[in-house]
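The letters A, B, C, D, E and F name the chains in turn, as written, and every chain counts its residues from 1.
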């Protein structure tokens, strides 16, 4: 990653710490949203791998680096290979335009921190 | 569809007429973009069906009704069934939030105009 | 409203019909989202009136006309008066910029269909 | 324009009527915003023609059809020709991606209602 | 805050320094916008506390961390307590979807730097 | 720039390294997009200087700091002076609203790293 960005390890640490703090605050609607967010990517009519690719592309066109990082990690865990990822990146790039490019650069840098499937 | 919205037939007619007019205007960069837009959804490392689902979810979270209509038509042509579509809708809804709901309503209304796979 | 837009009655009819169809489709995650969406605006630490104003301004800056209509109806039911609404509109306008103006025009047109509190 | 869209005449009528209503409501901050919005496109270090092109492209990438219509009218009044408009459209398309296309189609349809410079 | 983010102190210093530089540049329209931005949150038909909550939720759904920080500081100054803030966060989360979550995490981290009311 | 942001040198280094990596990955559609992105800003019916201003304002309203940096560099190379830049900033600010302000602050900080024309 570039110098000003978090390592994957720092991202994970911050994410887990803050998620725990948010859930402990006890706002029922927020906690329900977090539970729903998890369930939405579980196996259904579409396989988990496809759902994670959907989450990845949605995150890229909405330009959320942390969301992209999360779904890249999950995509790799589900066995998505480089060629498949770049196909998904291409859809995000064409749908979302050149403003997606900085996020694509950071996504590709993030991939270097993740083991290939 | 609701009274104020176009039928699928009217959407198709307007889309084809205007696309033809845009391409005839002869701006090279615009014409290249249109060609690239088509190629991006062709078979690659990911199958066409998956790419169309990616296009659908990207269109929903970016809240583009015409884009959603286009990808719904293509998803049906690729054999995506109702349960798979609703799984994709759920990802779009959770990623994009309640502002996606009006577009989901119009997507489901549009489905009534499309033959089931 | 302008000629091309739905009346409030048509909006309500379409919204209720499609929401019913979506819920009947039986996708658990979508149904949970709809339930959560309703609960979020119920009385909590913040009163319902404030929550509806929050929903209104969030809908305006995200430029979702149907969402604006929904929250305008609810704001009126909660007794929000014109001066309060215009204060909320001003926040949305300054935060979101001139692209909010077309939605502001449609919101003010919609208000003419709603009884003053 | 497509069947479901307003004519330029209807757009102008609705815009003027609602703007008048909004200004009469007397919210000072909203009225100041409207005044500022007008002044921003007056001659400055950049000529009016360039400013209107900036407003047009900003409106396209933010996907605001009414804003696009307004700036198209103003661009034509400032003598922007077809080739210049398409160059601006190309920038909007590449920056904003394929979700800009439906707005491009409506912009080109709108142009047919406007006298060439 | 996470390692890659600014402390509140650094945010304030940079914000004040750059705002001063921008105002000194002397572009009248920009300076008017800054003045209007300040006035919009002053007491009107809605109390300042409600306006700051509106600004906070608008900033969260538009995913502007610096804007969220600013309105969190102002909300605390206006006496908004934790339960009220989390109610506002819940509205932002449900309206804006899971892409709001990274901003929610940073907002909650920011709160640790702010004295409770 | 603020402490947490990249210097222009670091931005350039990261951008060039990652762009090279992306192009080497060999996804044809992504590579075509990158080529099209470059061509779009070349001389056409509109001069390069105007196109770069269009790219700058589109980047600001879409709130992409890296894109803003890129177009600021190019604007300076094309001889855009401070008064012209601030006129463009004003359009972006009025169209996009106060959420543009943090990006305006970073743009003005970036300018300090760039030689005046």
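The definition used in the following text is that a contact is a pair of C-beta atoms (placed from the backbone, for glycine too) under 8 Å apart; a residue touches a chain by one contact, two chains touch by 3 or more.
The model shown is predicted, which means the values in this text are computed figures rather than measured ones.
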| item | value |
| --- | --- |
| Labels of chains that are neighbours to subunit B and to subunit F | A, C, D, E |
| Classification of the subunit D:subunit E interface as same or different, half of numbers criterion | same |
| Degree value of the rotation bringing subunit B onto subunit E, based on Cα positions, nearest 5 | 180 |
| Between the pairs C-E and A-D, the one where more C-beta pairs touch | C-E |
| Label of the chain whose CA centroid is most distant from the centroid of subunit B | E |
| Cα-centroid distance, subunit B relative to subunit D, in whole angstrom | 26 |
| Distance between the centres, which are taken as Cα means, of subunit C and subunit A, whole angstrom | 30 |
| Sites on subunit A at which at least two other chains make contact | 4, 29, 33, 36-37, 40, 44, 59, 61-62, 67, 83, 86-87, 90, 93-96, 98-99 |
| Graph class of chain-chain contacts, one of line, ring, star, complete, other | complete |
| Complex contacts: residues of subunit A adjacent to subunit C | 28-29, 32-33, 36, 39-40, 44 |
| Residue numbers on subunit C that touch subunit E, as the complex places them | 36-37, 40-41, 44-46, 50-51, 53-55, 57-59, 61-62, 67, 81, 83-84, 86-88, 90-92, 94-96 |
| For the subunit E and subunit B complex, residues of the former touching the latter | 61, 93-100 |
| Touching residues (chain side subunit E, partner subunit F) in the complex | 4-6, 10-11, 14-15, 18-19, 21-22, 25, 27, 29-30, 33-34, 37, 59, 62, 64-67 |
| Residues of subunit F that touch subunit E when the two form their complex | 2-4, 63, 82-83, 86-87, 89-90, 93-94, 98-99, 101-102, 104-106, 108-109 |
